[in-house]
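Letters A, B, C and D name the chains as they come in the text, with residue numbers starting at 1 for each one.
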Amino acid sequence: MNLHEFQAKQLFRAAGIPVPKGEVVDTPSGAVDAARRLGGQQWMVKAQVHAGARTEAGGIRDFNDLEKLHCFAQEMLGERLITAENSPAGQPVNQLLIERPCGVKNCYHLSVMLDPRSGQVVFQGGLSECRDSAELSDQSPGNFFQVEVDPVVGLQPFQSRQLAVELRLDRTIWPPFFEITQALYRLFIAKDLLLIEIGSLVENDHGQMMVLDVRVQVDNNALVRQPELAQWADYRQDENQVLGNGLGFIAMEGDIGCIVNGSGLALATLDIIQLNGGSVANIVEIDNGASTDALANACQLVWDNGRCSCILINIVGGIVRCDKVAAGIIDGIQKYNITCPIVVRMEGTRAEEAKALFIQSDEKIEIVKTLDDAIILLIDTPES
Amino acid sequence: MNLHEFQAKQLFRAAGIPVPKGEVVDTPSGAVDAARRLGGQQWMVKAQVHAGARTEAGGIRDFNDLEKLHCFAQEMLGERLITAENSPAGQPVNQLLIERPCGVKNCYHLSVMLDPRSGQVVFQGGLSECRDSAELSDQSPGNFFQVEVDPVVGLQPFQSRQLAVELRLDRTIWPPFFEITQALYRLFIAKDLLLIEIGSLVENDHGQMMVLDVRVQVDNNALVRQPELAQWADYRQDENQVLGNGLGFIAMEGDIGCIVNGSGLALATLDIIQLNGGSVANIVEIDNGASTDALANACQLVWDNGRCSCILINIVGGIVRCDKVAAGIIDGIQKYNITCPIVVRMEGTRAEEAKALFIQSDEKIEIVKTLDDAIILLIDTPES
Amino acid sequence: MAILADKTTRVVCQGMTGAEGAYHTAQCIAYGTPVVAGVTPGRGGERVLDRPIFDTVKEAVDETAANTSMIFVPPLQAADAILEAVDSGINTIVCITRGIPAHDMVKVKSIIRGHGVNLIGPNSPGMITSEEFKLGVMPSGIHKKGTIGIVSRADSLTYEAVMQTTQIGLGQTTTVGIGSDSVMGMSFVDVIKLFEQDRRTKGIIMVGEIGGDLEELTAQYIADEVRKPILSYIAGVTAPPGKRMGHVGVIPESGIGSAAFKCAVLAEAGVQIVQSPTELGSRMLEYFEG
Amino acid sequence: MAILADKTTRVVCQGMTGAEGAYHTAQCIAYGTPVVAGVTPGRGGERVLDRPIFDTVKEAVDETAANTSMIFVPPLQAADAILEAVDSGINTIVCITRGIPAHDMVKVKSIIRGHGVNLIGPNSPGMITSEEFKLGVMPSGIHKKGTIGIVSRADSLTYEAVMQTTQIGLGQTTTVGIGSDSVMGMSFVDVIKLFEQDRRTKGIIMVGEIGGDLEELTAQYIADEVRKPILSYIAGVTAPPGKRMGHVGVIPESGIGSAAFKCAVLAEAGVQIVQSPTELGSRMLEYFEG
């Protein structure tokens, strides 16, 4: 799960990592009030979406005129920002972060991430071409270097020194840099983060270190023990996501809706349909945690008020039991009044019981034995 | 460094580990006042010395009569308590701990210690023959069992469960027991402890767990980063100790005083003197950290106002430089007006310079080449 | 028996008293798996599925000589369960639990490194030696004793590979789902190494998917060490690049993580690539007959 | 060269810019030790003793191919210094620093286990191959090239053993002080193993002391593996039992930790025991001549 920049900075502030003075607002007048409270003659206004490359997309601007700031806020709020890193539909801007800018002497980037393969926490750093807007987008592939931390051992002081030396930091800022690296590591561990990406860790004009821009990603699996972060979820930002009720959603542009169990089968179903000339409208992945209600909801998501012209239900039961899925889907078909053709292919745990349920349901459902059979029914022009 | 029981319990209380209500006092009237404040009809009075086996030695008693309690406090305070675990001179009782007793349903002992060889933190537990006085002395060699914790990994929940199962704890007290083991581990690590020995971990009449008796040992090397514990040092308790200024002291009963560098050489010097029929009055070990002042102080400690009849100075320089030691000792001899014969044997780093200093000093000092030569000079009756 | 289990295998199930644990353990027992005990803290002394329940794995090992564990405990307790199994001398662990926090798993990996433990999963359907031994949640009926070793990281797609090889008549030796979490125990390489050494296994099917670099890392090993025929399907060849695909994350245009890149490096390593999972069985058969 | 150093050894000194570090490193250089660099965080770029100073061990290793470290940093920074050395690829570390908290050292031991690093100390006088190579703080003058390997955990008493063997004319191959802290790196066994394998070493002297169980643990290894003559002195045979003896702690009446027990198990393992350190040289000579 991604955090918004203002949320990440709130975590940083609590962890003792210096960030610029700032306020988050959701109205144009709020933006102006915030700028007044922050004082000074110049303000950064940063659109809060779960994507990088906001500067190039016009989502980050600086102003020295409150009227212009107000206009920009008015333009931005409620609109969708399309950056090089998000989808063509962009993401909604519901909040703006207003900050005091800071004079930059030197600029670095520093990431902390979990390397799933090695099982290490990796600090990766490099020099950054800094702009005042200070947001990381495409990095020039400069001299990156990394330090690997065993999560059982933790970040050692010598590793912070190695980072400082590699970054060629002025020795006067070693002490605050060491504090920042240790605080970042503690935060990374304490909050179950998968990624902290500081686009601009700057040494400012006063020889202090400060974080201007940061992206933070939290482990979805850990949200149950991070209730304060779970509250920060902004599902409006991600069209394709794990919905938290045992469903995952992938939006495509075609006309065949799919309900599938497991991500592998979802991708394979996509492959088979598209390699046979069909096109997929969307895929709902269900997992073992999906309740009967969630399964009905899956039908609603796939059907999407008639956007799809037919639906494929492709379930290979294992820990997921086919009959339970069938019951939920039959509920959904009736509840959401789904009228398009539905093709069902079920194998594995309790598949026979499931098929019996479909037959009893009186809904117009074709039950097929193999995926190839399903394809024939779903795709009008198999020769394409 | 050992802590007093009341100090250990203060740590426990802060760590959330239940201990009986109690107060520490240093006067008989204070003892009575404390008992009144604690309320109830019965009180435990526990002499605070750095040794176990206090109950058998009469250092722990329970009273239901405040006058008798007052008398006991009067008898104890300012006296030396001799237990089976301390030296014949005993240790001074300067404080008493007054506690409310607690009804005991089941009693266990549980130790946490650092095993230097394996480098593991060892939890050792067993059933305890519990008395209300609840102090561990010699344990009946019952069924001990242990769980080893890698200090890098930390105590895992399953290890607490293993302990609970081995102790055959009633499942109703598993949750508080798990909390106590985790709190003990955190305390052990956070405070640089070498030993936590809970003589009586009891399940009381109300099904709660409580620690009645505990001994705690802190790593001397860590006192610099444990300032609050360093303040709790009670040097009156230990006649033989590392004095903190680079000197260690071992008191014996003979007549030859020794100043030696390093504990190995101290023991070897003791061996050589005693195997040759001599007897040692005391040994001061000096280490590299000893200042010139401390070295002079070493002379005072060894001389002990004339208790020793001769002094052997046996230094093999390495990181310790002989000339620096010589200078400090010459100072000491003059400052404390030491009049007995002094034999010096110095080898190693800057030994020649050291010998020159002794010769220039005009003090009556015999310089010898080997330990055997020193023995001949020191011991009148080498044939014994 | 083929890989990861033999005549000496004795299974303890951690979390056998839960609904999922009890259901699937019963299926395993019915399949012939020697399940000897269950472990649920606080439930020691009970019997479930006619097997004794212990409070700790250590007791289960002491009393029943269990050496293999199947784990069904809830996600936040699963890392502790794995560490308990390793500490108690269990040498093969199948962790079915999904949703374990990544930080827990990287710590587990670091701690058990060098212990010589086979950890399958987490978030794995488990492993099954067809018609002999099952340690997991896969449907039993579709597996048929045969000659193909299957290893997959694409959960439900594993069954697809199994059905294909069953229908075509080749059957399977052992099928291993290595799990679809990013932090996993045994990798493709670890399992393929066992298949390469196993006399009964004549061919290997590897089912991968887009994202990560696991298939890329496996290619070099295959090129250097694997002599048996090996066939692979990578799910997601038609997934649009630059788009977030569920738990897989954003798929790059090209390079590490994309299906095209994975297929290319595997093909170069001598792996036969199929474009659709429906071809898995027929292409393997072609290999043997052709 | 004898043990723990050879023609490829290149030494970095961590803490060389401190007073002790500079003094003793100068002595080591004078003795012929190939000291190539120093490391002091924040002092990189300076030169001390005509050697470059680096901020990190990694830089020192990269620039000077150092593979051995001598550590003089203050006690609370020493554990980090050891870990830094290991992380940077140093394979032999002599830690002179005394007063390192025990918790720091047990963590270090746990972390470096399995890294194949030789850690001598902490609280060690270091090691010296007589008239060739010195990595430590022992006085140089008393060492004479010869045939006896000396290992000791009794700091200043080590020099006593050296002087004895020098005076009697046997001389030493290498002398190793394993340090007198309770948590230590290389043990008696680790060093004796190297002496047993070393062709130049003809006899071994082991200097122990009361307390702990290190000598007891060594006895079994000697009985099983050591063929060279081995002589031992255990300091404290006359220490009164039940009494606290400085840092050694309370000495038991009998059993593990007492001098009598240590001497008995060592004698049973075939070790010659001397009662006084003044006999170390003469008894070893007797052995060779008798």
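The criterion applied here is as follows: a residue touches a chain if its C-beta (ideal position, glycine included) is under 8 Å from a C-beta of that chain, and two chains touch if they have at least 3 such contacts.
Remember, it's a predicted structure, so these values are computed and weren't measured experimentally.
Undergrad: Approximately how many whole Å separate the CA-defined centres of subunit A and subunit D?
TA: 55
Undergrad: Return the distance between the CA-based centres of subunit A and subunit C, expressed in whole Å.
TA: Measuring from centre to centre gives 28 Å for this pair.
Undergrad: Quick one: which residues in subunit C touch 2 or more of the other chains?
TA: Residues 107, 111 of subunit C touch two or more partner chains.
Undergrad: Out of subunit B, which residues touch more than one other chain, so two or more?
TA: 150, 152-153
Undergrad: Considering only which chains touch which, label the overall pattern as line, ring, star, complete or other.
TA: Topology of the interface graph: other, matching no listed pattern.
Undergrad: Could you run through all the chain pairs that touch each other?
TA: A-B, A-C, A-D, B-C, B-D
Undergrad: Okay, in this complex, where on subunit B does subunit C touch?
TA: 150, 153, 156-159, 161-162, 164-165, 171, 174
Undergrad: Can you check the complex and tell me which residues of subunit B touch subunit D?
TA: 87, 114, 116-117, 119-121, 150-153, 189, 192, 194, 219, 221-222, 224-225, 238, 240-242, 248-250, 252, 260-268, 270-272, 274-275, 283, 285, 287-288, 315-320, 347-349, 351, 370-372
Undergrad: Spell out the residues on subunit C that touch subunit A in their complex, using ranges where they run on.
TA: Touch list, subunit C to subunit A: 20, 24, 75-76, 96, 98-103, 105-107, 109-111, 125, 137-139, 141-142, 152-160, 163, 180-184, 207, 209-210, 212-214, 217, 233, 235-240, 243-248, 275-278.
Undergrad: Spell out the part of subunit B that touches subunit A in their complex, as residue ranges.
TA: It is residues 152-153 of subunit B that touch subunit A.
Undergrad: Using the touch definition from the top, list the residues of subunit C that touch subunit B in their complex.
TA: Touching subunit B from subunit C are residues 41-42, 44, 55-59, 77, 80-81, 83-84, 87, 107, 111.
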